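Structure in structure tokens, see below.
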């Protein structure tokens, strides 16, 4: 609180007031936020994100955080001298690699986010898919080469999350899960978030990325899309490259039962609050 | 929402953030707000007040509203041609008068406030001291003349309020109560609020008045006071006139178990929010 | 208890015993009692009615009281010099009138009934349709002229009643409700009672009127009727005049889910107890 | 219900009304009724007693029945040709005898009472001191001769009763218990009832006997007694014979925490109802 | 614990470990054990059985015991000089007989089993079909002669059992029930157990008999059977004599909703534990 | 289950029976198990340990696992080329080191134990002291040199553990915690376990070490010790070296409210089961 306070008391009160209808709209709903990659870049952004989560909780919303950690995993693999091979751009994950993945995701990043949220007055609880058998994974096999210990969600058991939600605890989830074979699998964080959001019947799944959302051919942000629009935009070449798997995960999440998915820029300050608690909105909202 | 939106999305988010530590401070606490007289003056102020209550509820606070209604009672007595006699400035309340008091407080004003809160997305429940035997009154007898059906709280039973609080319902209370003798008594709204706040172990009791708070001899607002300070300020003539019974009620409320009492200007826009959710504070805070 | 005690101890015990099978029949069920008009006439009748409600509660039944107040409203309008125009016998309710209606119903009559029930050892809680958003009204538009702020139930939300019932609290309800337009509407008390009874799945809705029930052509009481019988009796001119809207409201209540509706004479002493807790029954029972 | 109905509907309602203040007085309290000996004499009396229990339950009271069964035990011992020796009027209870005691009390009488209560619309649950380790007994050793398997309550564990009370179940208890030594003990039913009533914090313990209560020297019923009065009346020879152990058990029960103990005539029809639900009262009330 | 301890600590721990997958398999399920006849023969066997029940409870299983008592009933009838007539091998049960049946089952045997379980550290609660209206019986009428007070289950109300199960209480049930006619009926213990197991959705119903299970023509134990197999084995003369009604009761229980029924030898030490908590199994398992 | 089964069915059942009194003794109690160092050595031992935890849970006990991980941390520091300085045998923990500590403890070891427990049919939930603000640490300052981010428990908040215990979830805790200063601290696992066990009112805290327990001067195991004995044995040189801080932590845990602490050999197969569920016991039991 060392920064100068923004606005007169009057203005502050009025701006709080502007947030009220938005708070009421998301009251008692579950909002899953996928937070990762560049959006986790520096500590200031990370602390601001943590504060956003506490404010959501305090405003009657139940946030659930799912995080990735690609850059940190890569850095640790390098430090440890573990070389990765790639197939069609995907990292082949052998046992040594998946052990580093779990260690970095569930041990470093997860607890760091928990710590940041708690430091802002919240109460976070860091878990991975193994805890309470929350997510059971199966090996991804639809790839040309054997990707090793790369999994996808097969079953979600929300028992532990149900005990936690609605009691002022903010779950923070690392996308690591166990298979029926007893092996540890690395699960794509977007897919993991989609499966969790679906199983919880979330009202929104927010993908914090490093782009403003889905852009049209003139590079302008598209504010709202239906699933059918997406299929058309892929067909006509508007959606390309890395955005294709991202929107496909959005469709997957909608199929799992999420009401709406938003792709937005996680580096924009307080992007989550702007999306959920202001009239402006942020990014692209995708619904069925 | 027809007014132009205040601030850029960034500014809005930052101002929400500034409110967070205050929300956390009052999280799950009970705040009793005495709302009355001139502060209930016009509809715009009344609707703004209702919105404040909904925002508090949505921010994790449990507000309880106690209202007065002197001007409306006076107007109705006049319309009905009921003349009041006064003794040392207090209205002598005969049976016909107390019936009008109850009708106006519990029927008109109470339900109007309930309606305003509900219109803003809240869920209010309007009650008086009779409901669920919440407050039992006894006749005020320490006056020189017989004031009639003027009572003071003798017993408070919070059973009904306990069922209501913490379930997203906002109680709105009219200061009318029944005596052990089966008679209806008009209770001073400040005293009623103090008794309720004490019985509920409220963190704050806010008296919305038409002055900024307690002023010093130079007419500057005193920000904080202890009970002992008050006694001294009465003795040295700083606190005078109508402020004396007001601060005495503050002391009574503190004795009943309230943690802090604030006297503030109910006509200042969003005075409650400024007091509770900004760094500024409003009015005079009185503690033990 | 100043009256002489009725019966020898033996007789008293035997008469209590006679009530037992009836108590068991209504055990844990909800009984909505519409209480109004002439049945609310004098204080003695009103106190006896209050006692009946406490005895029901104590016998394992959950009573809910809905009251009217036409005569009192009329008297107050007269005192205030507010003139009413009528269209086909219905009062045209302008804004000034509806404010008086709410004030008298929710402020005077409601709290008086609450007070009487509490005085007999019960625990009543007085509410109107606005409280907790219990009833949302819509403007009645099927009339030839614009009746003003006359509404009918559009939605019933029993959340607040569900919290109250089964906890030894007796709800007392004033038939005033808010529209989606934010306006206050006066709702016909019979219709209000039917909507509440339907939403609560009441076992009985008792209409306390000033006639013994539905009479046949020889002016003898008809003990039981089916909905089809009623239609026939209207067609053949047996049911006429003010009884027609009354039985139509009965049919409406049965359609909302009430198991049985009884029209009985509210001025007969302890009519409710005679109907529910003795072998005799009172009035006309209407079922599907 | 084949008997002619007593009273006009009016009278019935008024007599119900007379019971209301008594129902309110005992609302939600526990009343332990010791029922035994001659009071269990014939089936008609037994069914009437069962009905009384159901009416109490239905009136908001929580009755607990403790029964004896001396005559039935004696008859069964005779049939089985088991001879009893007596010491100072007390039966010496060998192993064969205690097995018959348990069989008759817990198997015949207990289930007969359960059956009668259920036939009247109640829901009884028959238990003995062994069930759920409710009562642990210790051998009575303050007698001149070895009485065998005669025990007194050493510990009462109300866990099972707590689960049952307040859920419309009426516990019916046979005074048989297990010792820490694993043996079965016959416990005096009065003492058993006193221990249970004390552990449950009962408001009343009713001893249904075959006399009207404690009588004075002129054979008139004494309505109320304090413990000190009793001591004086024993000293001056007013209380004599079998009434002495009875009043000593009353004192024991009061020491265990019961609020009041009543000695009354169980053969008088509906004695329990007359005592609890009428203005008359029955028998002698003993308090601390 | 005076016997020498079996096995080294290591062996003990390993054998406990072997039980774990079985405990997990029956975790939180209901196992109804019909225990009777010769299996109740001597005290040592009975105490061992009690211990088995406590161990099941402690291992996460919810056991429910239903007991018979033919030999004890026969012995008591003889002692009391009550002669029984038989029709097609079934005892004609007149009123005197059914009274003895109830007394012995609910008073002697039931409380003895309760006592044994409690002595081993468990918490048993002994009930019969009358308690809490658990089982309503109807007269068996499909016999050539009038069998008197012999009944079969007509309705099962598990309310009382539901309150008891899962709270570390072990219900012990005597197969006596009341009819809608208010009469007491003796119910075949196997049928009673089948009805209770079905109503509770038990995972297993164990019939402890005095044979190892269903045998094939070479007198070898058949480990598993389907209902269709049974029909075939009866048709081809493999299953004969007293085993026929036994397997028919198994089929009845499966139809009521039990997942599996096991016929096993109750005299074999710890037969229940061997069946449920070891790899071996015991007796014949019958499923749909 | 591929190993040959140990014992005949009879022997298995009898050995289960021998465990029953021990299960009853620890029924519904909390047992904290500190598991670490060499006891975590190889996978077979680790899986056996996991199975022990599931068996405890299944036997009515509530186990809580606290783990260390010194060797694994050392190995990872070496791999990453992070050199540690030591002061009086304690590692000086700079920021880079504490990050590795957290990563290895909370990410690798914690989730590995969770996985093993789940693989055996249990339901584990892996947490560290940061989660739900369970443990707040403060910097250890009573050392001659600055040890860096080495902390000790300052406050324990069991809210999250209370939600988890008694619901068939096994908490597995990594001894990492946050300070009021927002820094991450490495806490000694023994101390962490003692603080948790004290806050939970554990019945036992088991320290799995690599020695059989406290030995006397002849190298024989001492079975039981009081706190005073320990002080004497340190004074007279019986307890020396690394055993001194170990027993001091035992005393600390007893002061926090633990009923008994056991030092035992974690490498002995099923040491926990032998200690808790057999007559033998293992190691040294220390009580106040």
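Quick notes on this structure:
Per-chain residue numbering starts at 1, and chain names A, B, C, D, E and F are given in the order in which the chains are listed.
Methods note: a contact is a pair of C-beta atoms (placed from the backbone, for glycine too) under 8 Å apart; a residue touches a chain by one contact, two chains touch by 3 or more.
Just so it is clear, the model here is predicted, and its values are computed rather than measured.
Of all chains in the assembly, those touching chain C and also chain E are D. Using the average of C-alpha coordinates as each chain's centre, E ends up farthest from chain B. Residue numbering at the chain A/chain F interface overlaps substantially, since over half of the positions present are found in both copies. Between C-D and B-C, more contacting C-beta pairs join the chains of C-D. Compared with chain F, the chain whose C-alpha mean position is the greatest distance off is C.
Centroids of chain A and chain E (each the mean of its C-alpha atoms) stand 55 Å apart. Spacing of chain D relative to chain E, judged by their CA centroids, is 34 angstrom.
Between chain A and chain B the centroid-to-centroid distance comes to 44 Å (mean Cα coordinates, whole Å).
In chain B, no residue reaches two or more other chains under the touch definition.
Viewed as a contact network, the protein chains form a single closed ring in which every chain touches exactly two others.
Against chain C, in their complex, chain B makes its touches with residues 79-80, 99, 102-108, 110-111, 114-115, 118-119, 123-128, 130-133, 160, 163-164, 167, 169, 176, 178, 182, 184. Listing the residues of chain B that touch chain A in their complex gives 1, 5-7, 9-21, 23-24, 27, 51-52, 54-55, 58-60, 120-121, 269-270, 273-274, 277-280, 282.
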